[in-house]
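The structure appears right after this line, and notes come after that.
As written, the chain order gives the labels A, B and C, with residue 1 at the start of each chain.
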């Protein structure tokens, strides 16, 4: 039943009495849950979440990223090999990004990417048996913000994956409240990496520390912290 | 294993921030991170946290035959292990260049400065002496392993107690803790290493660099010093030229830092000594802060 | 059984870590995974589980390798290795304090570290030590003094699905009736260890509830 949702489950525990969808009597299980013959077993420790009509998954605290199709990711170019770039995305394998997967790139017109640059890309191919593949264009051939970032400043830092999910959820007011106090640009990668750029070095550093510190904070605490931050920065 | 490479964006930002004299964690250029010292249940076991860098040190002793050149001196052996726990780059077994460097710096700082009196470790001259072994394990690498390891090593040596022995002709009787109280090592002075990292071709320096700051530095200087203003070791590495007054300025900063750290170590040793003599509980358990989400405690019920 | 205390997530470089204190015995375990693995150790359809055990004093020897082997076998049954083929899961165990019931403390801290890292697991394991002393009495979680004088030392590892035995490690001689008694006593005691895991993870995740 829906009462299950919001409780902590440990691996090895069985979940029963899940709510099925009315149309097809099927239950969709997501990350952290596995079907074992007739029953559903938990494989990761975390909170059970439920979304209408029949979607269950486990929300766990993770630091290590496992590539998932469709995720926007920030990768660091580790090597150039033939026609592809090899990027470090924090998972067990290096991901590949083809030269041609950039907006306006052709065989003659190669994109200007050096080793050590950071790239905001989308994951196109991701399964457990293969290396992940990334692209910097959408299906229409436009970049839509993807591509090399960080050329003109800003700082990138690493956080845990659940902080990323929290930042991107509609309930969290951190990014909006910070935006009320100062101008900044940010790119959030689902692999735990965040790139931010503000007016000055001290603003950027303050922003990084504020985002990292918000991991365990509630909305009221976030509001209080942002107020303190903007007051302190106004004195600069 | 592979380590995440440092991106150009991060490197340029850190250099720019240092150009404006700002550090990522808000410290001033000469500030150390928070230092925490916890002692274990065993004598000679201590864990030191310098910011997020964590190091465990254990001192042990055994009776061996002395070196031929020094028949009436005991032996002090220092071993620093870069555990794979500390960073994905460290591997078991193989000692990397960084590991060799840390080992040599610590050996020079502790052994060759004669901080521990090796003559008092002699039992029977020419035949039996105590070998004191300091094992330092690095548990988390967030920069400045050398300082943290040297603090852990010297604190563990000051904390350690060796068994009392009686020599009866050619027989040596080693007394257990119940028979006779164990004796402390004779530690003359406490040499502590202070690391400086240099940027902008040696013009700007930072004390206690964190991991990211270490990755962008031009060069490094390590000064081993005790609180009596005696320099025990000095090592400069990297691609830069240092001016004479830079070196003098660093040694003056090191004096202040070493005095502070030595006081802190003495306070921690004193607290532990009082806890042990008053019959209070001691050990790593007492160092745990209980009211955080990351710790938990359980007292189980009796079963039968 | 003795008092248990744990500290999770203290180290910043690894993916998960746990410092477990059972009585005075203290062990810290760090887990990296799923991460890259050397080509000669790669397995095509499963993850490679590697355990490194570091004792406090001295260089590693045979006893350490035996320890690593026991813990590796236990962890390999526990981890869902087919979820991450061609990758590696590294478990590093550091001895902080050995005051008895040591193997059980290491296995429990490895399990907690795997939980903290979020590695996919088939089930959890709990290890319990019991000692048969010279009078035939069974003592749970002996300290090192009791272990020295005892007749036999048995360590049992149970899983939390059907409470079946995953690993048994014994030292000394005992009768089969004594073995059966120890098994049932340790099984009851392992339920408390699972309770402890649950309470620890509930406390760690308690701040998450407001995110929908």
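Just so we're on the same page, contacts are C-beta pairs under 8 Å (C-beta built on N, C-alpha and C of every residue); 3 or more make two chains touch, one makes a residue touch a chain.
Keep in mind it's a predicted model, so treat the numbers as computed, not measured.
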{"item": "Chain whose average C-alpha position is farthest from chain B's own", "value": "A"}
{"item": "Maximum inter-chain contact count - chain pair", "value": "B-C"}
{"item": "Euclidean distance of C-alpha centroids - chain A vs chain C, Å", "value": "32"}
{"item": "Centre distance in Å when chain A and chain B are each reduced to the mean of their C-alpha atoms", "value": "38"}
{"item": "Chain B-chain C separation of Cα centroids, rounded to whole Å", "value": "29"}
{"item": "Of all residues in chain A, the ones touching two or more other chains", "value": "216"}
{"item": "Per-residue overlap in chain B, given as positions that touch at least 2 other chains", "value": "2, 293"}
{"item": "Multi-chain contact sites of chain C, meaning residues that touch two or more partners", "value": "32, 35-36, 88, 204, 207"}
{"item": "Complex contacts: residues of chain A adjacent to chain B", "value": "76, 78, 88, 90, 114, 116-118, 149-151, 153-156, 158, 195, 201-202, 204-205, 208-209, 216"}
{"item": "Parts of chain B lying in touch with chain A, wherever the complex brings them together", "value": "2, 4-13, 16-17, 20, 22, 24-26, 293"}
{"item": "Chain B contact footprint on chain C (complex, rising order)", "value": "1-14, 17, 19, 21, 24, 26, 28, 30, 32, 35-36, 52, 54, 56-58, 88, 90, 92, 94, 96-97, 99, 140, 185, 188-189, 192, 195-196, 199-200, 203-204, 206-207"}
{"item": "Complex interface listing, chain B residues touching chain C", "value": "1-2, 40-42, 45, 47, 52, 54, 56, 58, 60, 81, 83-88, 92, 133, 135, 137, 139-142, 283-285, 288, 293-303"}
{"item": "Interfacial residue positions of chain A with respect to chain C in the complex", "value": "6, 8, 10-13, 32, 34, 41, 43-47, 49, 59-64, 66, 91-93, 128-129, 162, 165-166, 169, 171-172, 216, 218-219"}
